[in-house]
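Alright, structures below, take your time with them.
You will see chain A twice below: alongside chain B first, and alongside chain C after that.
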Partner chain A sequence: MIDITEHYTQQYHSLAENLPGNGVEWIKTYRNNRLSRFQEAGFPTTRDEDWRYTTVRPITNKKFTSIGDIQVDRYALISSKVAEHSVMDFDSYQLVFVDGVLMTDFSELTALGDGVQINSIADVLRQRPESIQTYFDIDHAEESNGFTELNRAFSKDGAVIELQAGVCLEKPLELLFLSFGDEALAQSRNLIVAHEGSKATIIERYVSAETGYSLTNNLSEVVLDKKSEIDYYLVQTQSRDAYQVSGIWVTQASDSRFSCRTITLGGILVRNEIKIRMLGEGAHCDMFGLYSLSGKQHVDNHTTVVHGAPNCTSNELYKGVLNQRSRGVFHGRIKVEQDAQKTDAKQSNNTLLLSRDAEIDTKPQLEIYADDVKCSHGATIGQMDEVSLFYLRSRGIDESDARSLLTFAFVNDVLREVGIDSLKESLESILSSQLISDRQTV
Partner chain B sequence: MTSTEKDLTSLVQREYKEGFVTDIDADTLPAGLNEDVIRVISAKKEEPDFLLEWRLESYRRWLEMDAPEWAHLHYAPIDLQEISYYSAPKQKVLLDSLDDVDPRLLETYEKLGIPIDEQKALAGVKVAVDAVFDSVSVVTTFKKTLSEAGVIFCPLSEAVKDYPELVSKYLGTVVPTSDNYYSALNSAVFSEGSFVYIPKGVRCPMELSTYFRINAMNTGQFERTLIVADEDSYVSYLEGCTAPMRDENQLHAAVVELVAMKGAEIKYSTVQNWYPGDENGVGGIYNFVTKRGVCKGEGAKISWTQVETGSAITWKYPSVVLEGDNSIGEFYSVALTNNCQQADTGTKMVHIGKNSKSTIISKGISAGRGQNSYRGLVKVLKGAENARNYSQCDSLLMGDKCGAHTFPYMEVKNPTAMVEHEATTSRIGEDQLFYCRQRGMSEEDAVSMIVNGFCKEVFKELPMEFAVEAQKLLSISLEGSVG
Partner chain C sequence: MLLIKDLHASIDGKAILKGINLEVNPGEVHAIMGPNGSGKSTLASVLAGRANYEVTAGSVTYRDQDLLDMEPEIRAREGVFLAFQYPVEIPGVSNVYLLKAAINSVLKHRGEEELDAMTFLKLIKEKSALVEMKQEFLYRSVNEGFSGGEKKRNEILQMALLEPYLSILDETDSGLDIDALKIVAHGVNTLRSAERSMIVVTHYQRLLDYIVPDYVHVLAGGKIIRSGDKSLALELEAKGYGWIEGQADAA
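On to the complex of A and B.
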C-alpha cells in the first residue's frame, strides 16, 4: 500500500507544474493540502466502516497513470467512438471527455444560449479562478477519502456548468466519458451551479471506447440555489475491465429539487457515492438506483442524505439483480439534524439474488436527531417468486422468457423513472441482452 | 410551555427507588488489575487449575486488545485500573439454608421485591432465584425441587467444583475468550454468575431467575452465565439487575452463553434496570455485555427478550448462531433512553443451518436527551438453504433533543434466502393523542397507553410477572418526558 501511495505522489509532483491554475497561490496550496491528506489517509481498506464490503485491492494492485494531452491525430478515432457510443435518437447537448479530459472540439460549449455557461475547469482555473473559489472552499472533510483527495489534488480537467437564474435548459446535457483503457487514470472534477429557479437535465454517461484496464475517479459537485431543479443521471455501461469511483456531491437550497438515477450495468469494480445535503427549507430529493450485475462485477452504491433544514423530503429506491459471481453493496444513510423538523424521508433497497455464488451486503442506516419526523427504510433480499413463475409458465411462456419478464418487472420501478425515452430504450436493450447472455453462461 | 407540560415535567424528577446502598461488611480487593489479582480471585473461589489457566490466557489476550469505538456512543475512556475486581459480603461459613444468610442481605432483596424466601414465594408464583450481590452469589432457592427434576441451577463458582467436566466442556465455546475487548476482560476476572444445565427431555418445572445487584463502591460487576439445554429440553430464564445511585460510573461487563442442543428451547428474558445516572448524566452504570447463543442441533430455538430501561450506557447485542437445520432465533427488545442515557443495542443472527429462521423485533424509545441506536446483523452463509429473516425496528421520539438511529447490516450469500428489514421512526402522532384526549384520557395516560401499545409485541414475549414489571418500569422511566 505504501508504494502505491508513493506512485501517485510521484505522479502528482511530476505533473504539478503543468496543472491548471498552478500559478495561483491558493490553488497550489489547496492541491498540496489535498495531496498530504491523501498521503495520510491512503486508499480506504475494508477496515474502514464505509468500505467494509468493498476492497479496492484490484485498484491499488495496478498503477494507473494520468495521460498527457490528447493529440490531434487521435481525433478521427475519437470522433468515430463518440458516434458509436451515442444513444440512438437521443436529442441532447453533448460534452465529450476522453480519459477525463474535456474535448472542447467535440463539445457544444456555446450552443446553449446566453443563460448557460459551460467551460473547461482547466480554462476557468487559468483565466478567472476567483469565480469558483467559493466552491473550492467547501471542505467536506468528513466525507472525503483517499479517492476524493486524489481527485482534488490533481484532477486536470472537468466541466464547469453554470445555469443563470430562471434559465430552463430545453434539451438534456450529456457528459459522455470515454475511456480508452491502457491503465489510464481519468480524473475529472465537475462543477454544476444552478442559480435561482433554473432547470436542467444532466447526464453523466460512462462507456469504454476500447478494452483494457482503466480507472475513473470522478467528482461532480452540484449546487442548487433556491427553487432550482436538476434531473441527474449517472449511467455506467463500461466494459468489464473498467474501475470506477464516482462522487456526486450535492447541496440544495430551499425549495430546490434534485433527482438522481444511477444505472450501473458495466464496470468490474464500481463505487458510487452520492451525498446530498439539503440545507434550505422545503427542498426535495429523489434517488433511484438500478444495478444488474453478472460475472465478477462488484458494485457498491453509497448514498447519504442529510436533512439539514425543516420541511425537506427525500425518497430513495435502489433495486439490484445479481447473477453469477457478482456482488452488490448498498449503503444508504439518512441523517436528520436537530432542527430539521417535519422531515419526511423514505429509503428502500430490494435485491434479487439469482445465483448461488452472488452476494449482497446491504446496510440502510437512519440517524435521527429531530423528533417531528417520519422516516422509514426497508430492505429485502430474495429470489424470483416461484408462484409468479408458475403462473407465467402455465400460460405457455417458456421459463427463460418468464424469468426475463419477472426480472424486468422487478427493475421497472426504477427504469420507469428514466424520463428520456431514447435513453430508456437503450438501457432496456442493454439490460435484456445482458440477462440473456447471463443465462446462457450459467 | 403549556400547563400540562409543566405538570408532566415535574413528574420526571422521580427518584430511582432501587438507588439505596446496603451497609454491609464486605471483603473487597483493592482497585487494579494484573495477573496477581486474577490469581487471588481464582484462589478465593477455590477454583480448579484449568479455570485459572483459562482466566490468565484471557487476560493475556485482553492486554493485546483495544476498547471498541465503533458504537454510536460518547463517553470518556474508562480507567480499568481504578476498579476493584472482587467484592463479597463477609461470610465465614457456607450457607445451608436461608436462615444463615445475613438478615441485611435478605432485607435488601426484600426491598427490591425479589422473592428469595421460599415460603413466601410458594404462595405466589414459583420462580427459582439465584441472587448475586456484588461478586458472589448469596442464595439460590428451590434447589431441591430442581434437583429432583435433574436440573442443575447454581452459582457458576459452585458448578466449577461440582460439575467441572460440564463447565469445561461448554465454557467459552459460544463466546470465545478473545471474542471482544469486554468479553476477554470478563473471562479474565469474572467473579460470579449462574450455571444452568437441563438434561435431555426435561422441561424445567419452573422459571429460573438470577438477580444481580451492585452494592459496593468502585467495583465492577463481571458475571458470567452459562446455560446448556440438552436435547429436547426447555428452560425459561429471567434476569434482573439494579444498583445504588452513585455519582461515579460503574462498569458492568457480563458474558452470557447459551447452548441449545437438538430440539431444545431456551427463552432468556432480561429486565435491565441498572442505575441510569441523574438527569444531567452524572453517574450510572456502563453496561457492556456480550450475550450469545448457539442453536447446535436440529430444531433448536433460542429466544432473547430484553427490556432495557436502565444504565447510563448500554452496549449489548444478544445474538444467535443458527447452526442446526430448522433452528430458530428470536430477538425481542424494548430499549428506552431518557435524560442523558445512551444505548447501542441490537442483535446478530448468523444463519448456517438449512431452513433456519430468525425474527427481530426492536422497539426504541428516545426521550429527553437520550440517544438510542439499533445495530443488527443478519448474515446468511452459503449453505443456509431457505433461510428466512424478518426484522422490524421501530423508533419513537419524544422531545426535540433526543436521537434515534438504526444501523442494520445484511449479508446474504445464498440465493434461496429471504431477508426482510423494515424500520420506521416517528413521534407519537398528534392525531392519536387527540383521539385519546377527546375521549377523556389525560395526556399522561394517553402517552403511556400509546407507548405500551408500541411495545406490545415485545412485552407479550415476556413471562407474565416480568411483563407487568416491565410495563411499570417503562411508564416510570418515561414520566415527564412528554411534551
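On to the complex of A and C.
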C-alpha cells in the first residue's frame, strides 16, 4: 500500500524551495511545523471522534497532485468556463481560481476601490509578509487536523482580502473555484480581514469545469474586527467526482456580525467545517446550511461556535434532504466559556429522508461553562408527509411537482436566507432539476 | 355525473365502506349525514383518490369515466373537488402559489391558456371577496396558523376558483360560528348551477338551512341506510341517529 502521507510530504519537499516567502525565517519555520504536524497526525480516520461518521478513505486511496502555474495556452478554455459557470444576472466582483490557483488575470483585484486590498497570498508572502503575520501564524491547534495542516504547510495559493475600516462593499465578492478534474490537489488558503465597521458579502462557489477526480482542501480564515459585518456563502455544486474539505475559521471581535450559508448540492464526499469564535462582547453569528443529496453523496457539516465573551448570540439552522443512498452528517458543537454570561445560542438540524437507504447522523455537542446562558438545540428527522402530498394532488398538482414543492417548502427557511436573488434562483433551479432527476432514477 | 355502485373500501385491512350505492345527477345537491365514525370521510377520500384506502369491491363512474382508475390530480383536473374536513397546513408553500398552480393545472388539462399574473390576481381578488378572505391570507403559508373558520373558508376559496363539477364538502360546517357558516354557504350557493353537483357531508342539520339539499342520505356502519328529501334531516335532528340505526337493525 502506498503511504499517502509520504506522497504529499514528497510533493511538499519538491516544491519547498519555491514556496512563496520561504526565504523568511518565520514563514519557513511555520511551514515546517505544519508539515511535521501533518506527518504526525496523518489524515483523520473514523477512530477520531470528530470524524466518526465520515471516512476519508476514498480520498486517501487516490493520489492528488498539487499543480504549478497555469499556462497561458489554457486561458481561452478557462475564460469560456468562467462564462459558462457564472450565475446569470449576478452583479459581483469575481476572483477566479483554477484547481486552487488564484488567476490574477481573470480576477478583479483593483476594481473594488481604495478601501479594499486584494492580493494573492503568494505576493503578500513575498512582498510584505509582516502585514499578515499576526493572522497567518495563529496556531489553531484545537481546530486543526491532517487536512488543514497540509493546507497550511503549502500556503502557496489563495487570496488575501483586506477591508479597511468603515468600508462597505456594495457588490458581493465572489471567489469562483473551478476544478478541471485532472486529479489536482487544489489547496487555497484565503485570509479575509474586515477592519472596524466594514461590511461585505463574500461568496465561495465551487464548480466543476470538467468531470474527473479532484480534491479541494481549502481553508479560509475570516477575521472580523469590531462592528464589522460579513455575509458569507459556501456554495458547492461540483460534479459527483469532486472531493472537498473546506474550512472556514472565523474570529469575531465585539459587536461584529458574521452570517454564513453553507449550501451543498454537489460533490461526492464533502466536509464543511465552520468554526466560529466570538471573542468580543455583543457579537452575533448565524449559520444556515442546506444540503440536498442523492446517489452515494456523503456530506458532513461540522460546525463549532465558541462563545468566548459575554452577550453574544448564535443561531444555527441546517436542513438536509437525503435521497437514494446518500448520507448526511451534522455535528454541531457549541462551547460557552466561563465568562460568556448572557449567551444565547440556538441550534437545529432537520432532515427530510426521501429514501429508506439514505442515512443521517446528527450530533449536537454542548459544552457550557457559564451559568447564565440560554442554549437550545433540536434535531428532527422526517419523511415526506403523505397527507400534504395528497392535499396538493387533490388540487390538481401532479405528484412530481407536489413532491418538489414540499421539498422546497421544507428547505424554505434556509433558502430565504440567500439574500441575493440571482444566486437564489440559480440554486433553486439546480435543486429543482436534481429533485426531478433523482425521482426518475430510483 | 356520479354513479357509485356497491362500493366497498377498507383501511389497514379493516372494512369501512360496506356497499355504498349513490347516484348524483347534474345540478343536484346531496347531503350525507351520519354518526361519527360511520365512514363519511372515508367515502369522500375514496372519491378524491387518497391512496391509503383500498377499494375492495364496487365501481364509481364520474362523467362516463372510471373514477377509481384516475390519479387524484387527474380527478381534480376533471372537476372533482374535496373540501377537507381537516385542511392541511403546509408551511413554506404560500397560499397564492398553491391557488395559481391549481388553477393553471386545471386550465392546462382542458387545453386552455394558463392565466397571466394580472388576470389571476384579479380573479383571486374577486373570489376572496366572495368568502370574505383578507388579501394578506393569500401570502401566508397554506393554512398555517389559520383559525378553524379561516381554514374552511380557504377550502371554499379554492373551490370557487377551480369551479369543479363535483364538489364534496366534508363537514365544512364543523367548528364554524353562524356568521362564518353563512359566508361558507354563500360561497357554495354561488357555485350552484344546473351543470354542477355537490355532496355535502355534515353532522348537523344546521348547514342544510343554508345549503338546501335535494336529497339527504344517512350513512351508518359503512352503508347508506336511509335516503329521503330535506325533511329527513329535520327528522334526524329531532330524533337523533339512534332512532334510524335502530330501524335499520330491525330491518
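As a working rule, the second predicted complex is superposed on the first by the 439 of 442 C-alpha atoms of A that agree within 3 Å, B and C clash if a C-alpha of one lies under 4 Å from a C-alpha of the other, contacts with A are read in each partner's own complex, and residues count from 1 in each chain.
Simple rule for what comes next: a residue touches a chain if its C-beta (ideal position, glycine included) is under 8 Å from a C-beta of that chain, and two chains touch if they have at least 3 such contacts.
What you see is a predicted model, and the numbers here were worked out from it, not measured in a lab.
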Partners on chain A (chain B, chain C) - clash or fit: fit
Touching partner for A:412 - first (chain B), second (chain C), both, neither: second
Which superposed partner A:430 touches (first chain B, second chain C, both, neither): neither
Larger contact residue set on chain A - chain B or chain C: B
Touched partner set for A:356, first chain B, second chain C, both or neither: first
Chain B versus chain C as contact partner of A:41, first or second or both or neither: neither
First, second, both or neither for A:395, with chain B first and chain C second: second
Chain B versus chain C as contact partner of A:373, first or second or both or neither: first
Shortest span in Å between Cα atoms of chain B and of chain C, once chain A is used as the common reference: 15
Doubly contacted residues of chain A, that is, touched by chain B and again by chain C: none
Chain B partner contacts - residues on chain A that touch it in the complex: 49, 53, 338, 341, 351, 353-356, 358-383
Complex contacts: residues of chain C adjacent to chain A: 48-52, 71-73, 75-77, 81-82, 84, 87-88, 90-93, 98, 101-102, 105-106, 109, 141, 158, 162
Complex interface listing, chain A residues touching chain C: 386-388, 390-399, 401-402, 405-406, 408-413
Contacting residues of chain B [partner chain A, same complex]: 70, 72, 382, 395, 397-427
